[in-house]
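Paired with chain B in one complex and with chain C in the other, chain A is shared by the two complexes that follow.
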Partner chain A sequence: MSTNALPVLAAANTAPMRPALLLSVLGLVLMLLFVVSLGVGRAPLELAATIAQWMRGDSTLATLILIELRLPRTLLAALVGVSLGLAGAALQGLLRNPLAEPGIIGVSACAALGAVIAFYGGLSAMAPLALPLAGIAGALLAVVLLYALAGRESSTLTLILAGVAINAFAGAATALVLNIAPNPFAVTEIVFWMMGSVADRSMNHIQIAAPLMIVGWALLGTSGRALDALTLGEDTAASLGVRLATLRLMLVLGTALAVGSGVAVTGAVGFVGLVAPHLLRPLVGYQPSRLLIASALAGGVLVLAADVAIRLVTIGPELKLGVVTALIGAPFFLVLVMRLRRETI
Partner chain B sequence: MRITAESITVVVGTATLLDNVTVTAEPGQLLGLVGPNGAGKSTLLRVLTGLRDCARGQVLYDGRPRSELGSLRMAQQLAYLAQRGSVAWPLTVQRLVALGRMPHLRGWGTHDPAGATAIEAALTDTDLVRLRERIVDTLSGGELARALLARALAVNGSALLVDEPVAALDPYHQLQVMEILRTRADSGQAVIVVLHELTLAARFCDRLLLLDGGRAVGTGAPAGVLTDENLRTTYGVTALRGERDGAAYLVPWNCVNQAAGAIQRSA
Partner chain C sequence: MTKVSRAVVALLVLSLATPGSAAPQRIVSLNLCADELVLRLAAPGTVKSVTWLARDPALSNVSAIAQTVPVHRGLAEEIVPLAPDLVLAGAYTTRTTVVLLRRLGIPVFELGVPKSIDEALKQITTVSAALGTQTRGAQLVADIATRLAALPVSTIASQQPIAAVYQPNGFTIGEGSLVNDLLRRAGLRNLAVERRIDNYGELPLESLLLAEPDLLIMNGEAERGRALAYEVLHHPALTRRYSDARVVSIPSAWWSCAGPYLVDAVQRLHQIARQLPAPERPQR
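Let's turn to the complex of A and B:
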């Protein structure tokens, strides 16, 4: 793991232990939260005892809750968090802009639109794989559109405006599809797809989404060295041997696969891809290659923590995951915008 | 590495950026590309680096086209410094310079035996040893320009192509950078530099290519290229000439069409 994370600048690495330490700490926190997430919920659960029961093959109410409800929820939170953290870090490296985030720039919303069309158009009933594939198609459309609009120069203004337009379009189209569909719960469904949630998902959801997601991770995770070179601009990166066309294709496809398949089962969970890289960047010396895996782990930690927090707040109906991540993420976004504004003036 | 460009023509829309330019950069020589703004110097440098395709003509590296060498060999052999380069993330100077070693790393590996020496030499040559741990955001314009040059020096291939490396520098560091380029050429690299500073170009370069409006106006030894006639027709300036330690120097002195006005102001 650590050799993947610090490939590029070994010669310049003044603190070679630090990346390994950082990744270990993040990995440990992720595992810890994973266990906590299995234990927390409306129904009280003796975690150790229930796992023991399950290992023995006993089928009790407790094992049912653990395996059928808590485990898929926890796995999905971790998977989606890792996807968003990784995609955020990779997109920011590609566009050389810390505000590029799957939610803000409309990738998540377009993926949700794709999933909604597949779900309510009946496609996913015919073939389960249609759901993540439609999500990926939506995400792909958004990334390609965004790159065409704001890829070449890394102007924050263009990027954000493109994101606003894509988000508005995807949101409206999603609402339209849900209204047209013979669906008495359109309003709640709109909220689910816009706000995202990992509650009440089954292992089936994970089985159809995870393989595609992992292919996306591989594409994003191997782009580190090229992203480092891209720090110096496209010409210099090309002169250092980076094949720009290949890199763009890898990152666009990787983002679409990782985010699209995730959003197809959880709805759009916002701001994770913004907060995770932003928090981790100083700890990896601002180096895009080292940020990738650290940010992926941090994304998993953030989403798991947010989902645990939702279940700990017991007043009223359960909050949507995306509500919590937005409450944490939006202020971050504002601070980043203000800082960038100050720098450009 | 010998870089040969034959009949290079670059067309964008209706504009001809380069028109049938032929030039050769020899190993061990410092070749200067000079010419007024918009002459096509940077375009030619990008074509020579292999970053830009041309409508007609071809570039050969030791007699072979880029496609035959492959992008990795190209990157290892040929270092390029962009004009007005910027750094997207606040890296330390040392990390920035180390990016120059990227073509020499394989796969996931970190094995690069010559890397540490090359980085050290690049930092020393550009006077940046003291600033190695500084974040690039906190550097002055000139310091950043030197750090970016150090990045290109760290590649340590057999050709070095630099676009206006002295533009933001104080006189001391202008001379220092020219001396570095001179040293690299003397050590056997083919060095190509885009310059606006005619005094430095005339003094340090072995050969010059004078471009104007995309066409080669003159090529050869500086004395034969930077003639009064060429300076007047391309730059629209006259030069003050003299001699120091047996070497001729020139300083751009007056605008041709405003010469009368300038003299009046100084009187």
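Let's turn to the complex of A and C:
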């Protein structure tokens, strides 16, 4: 569905679209995919009839599958997609770096590390909220570290290399924790944490992750105007009345909350925060404030579409979400790198 | 018995000229199922080492006996100094160690995976022959056969309840497995067989719920630490649909290896199958 929408968006490449139109198109696609996602799965389900049953308050096997399996899965895919799209756009604004993305620069990997420690260490069994909080702590650590290393006036290269180092460290530490974990299945579960999945998640996961995630959205979503000013440089922004320290804090905290709580329940899904903002940037006239919401919606579309695609491929065990997003995102990343190189020459 | 080990046994018999004394005196096991067999069948004092897993009560039926025997972790360098005159290994496990032991001229007996109780009984007989304790083997086989024969015969197939084995990560067990034979003997139909799942395969939670088996069979041992693999077993959609009366827990050690606990597993399944409440069919 999103692939159908892409040529339409690309055709309008040169001139920015009317904001209301763009947002309604994205919102419509997101809603459509949401319904499609409810209808797709291993069990054949008559969606309309099942929804009708559920509305009547009937409790059947079909409504159980719809409400307890499909709905949490769909909601979680949308929530995480929105978080990643939003965080990608915000990070690119904060670090003023077009390649900043939670997965590429290691924020997601650190969030996964935090969640892995809380989950396999048994902390989240005692207090469920420990899971998203540990994910947020991991993400926060990464964002703060990255900002210290490559936040101000540093090159794209510095940021990406710092990301490589953070990713490598977080990945190794995650593997280490999983190896020490008492459970024999733990070691094989590194795939979930590095590639991400929403399969067989339940409403419990949404309950623990969504509130913190939405606080993160609020922090990121309200930073638009300040980000617009920041494109003119820190000094100009400050002279326009932007309180830089507050802005930084909002963006860092918002990213950590949105990405950390999501990764804690779905694992790390890569490249969404890169693809979504870059596809939309030309359509919003390169204006960060307008990019944020659009990119959030596009992130939701992307992850939902990936999750629907996964369920349509029925050969063998289910693919992880990150496999699909990386197959699309990694070539995209490469194209961006090449374009950047051309621009600097 | 493999040709090699048969030849080795024959050679030993010839060289010593007294058939009774050919029984191996320094036995080492490299496989959890072989551990149980040697600890049950070998003459006292002849088992020099078993795997470290044998001491784990969650995995092994003979963990108490294994406490009295040294254990190893399956590395050739641990086995060779023990100078075994017979090593029992699984056909699919510790391959590098087996190759190395063979190269050093140590006789290795490879154990297949029994696909039915009959095959399991055959395995007990051949292993006891290799250990030189045929009488013990015959005794164990007779015990198992008698207890099995005492179980009531299963009812008409169409009235049999449908059961699904549900394991961590949403895996189930189907045709061509020991577990499937046990279900059949307990008078249960296996959902995995009807879904044409061979041996060990994935059964998505949605498919399981929609198939509505009358009985869920889960691992009985306590979960060790936390793992995502278990989450599907505790999914609200599943626990809401299946009350405790429709879930039976079987310690996985009971039906993983040839031994007397296979009968205990059939017994437990049979008992639960008979007590099943009327199937809760959904309104549609």
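What we mean here is this: the second predicted complex is superposed on the first by the 326 of 345 C-alpha atoms of A that agree within 3 Å, B and C clash if a C-alpha of one lies under 4 Å from a C-alpha of the other, contacts with A are read in each partner's own complex, and residues count from 1 in each chain.
What we mean here is this: a contact is a pair of C-beta atoms (placed from the backbone, for glycine too) under 8 Å apart; a residue touches a chain by one contact, two chains touch by 3 or more.
The shown structure was predicted, so the numbers you read here are calculated from the model rather than taken from an experiment.
J.: With the two complexes superposed on chain A, say which partner A:64 touches: chain B (first), chain C (second), both, or neither.
T.: In the superposed model, A:64 contacts chain C only, not chain B.
J.: Check whether A:211 is in contact with chain B, with chain C, with both or with neither, and answer first, second, both or neither.
T.: Neither partner.
J.: Given the touch rule stated above, what does A:128 touch, chain B (first), chain C (second), both, or neither?
T.: Neither partner.
J.: A:183 contacts which: chain B (first), chain C (second), both, neither?
T.: second
J.: For A:229, using the defined touch cut-off, is the partner it touches chain B, chain C, both, or neither? Pick first, second, both or neither.
T.: first
J.: What part of chain B is in contact with chain A in the complex they form?
T.: 46, 49-51, 71-72, 74-76, 78-82, 85-92, 94-103, 105, 108-110, 112, 115-116, 119, 133, 148, 151, 155
J.: Would you mind writing out the residues of chain A in touch with chain C in their complex?
T.: That would be residues 41-44, 58, 60-62, 64-65, 68-69, 119-120, 122, 124-125, 181-186, 188-189, 192, 200, 202-204, 317-318 of chain A.
J.: For the complex, which residues does chain C have touching chain A?
T.: Listed in rising order, the residues of chain C that touch chain A are 168-170, 202, 204-207, 209-210, 212, 223-232, 235-237, 240-241, 282-284.
J.: If you look only at chain A, which of its residues touch chain B in the complex?
T.: Counting only chain A, the residues touching chain B are 3-4, 6-12, 14, 96, 154, 225, 228-233, 235-236, 238-241, 243, 281, 285-288.
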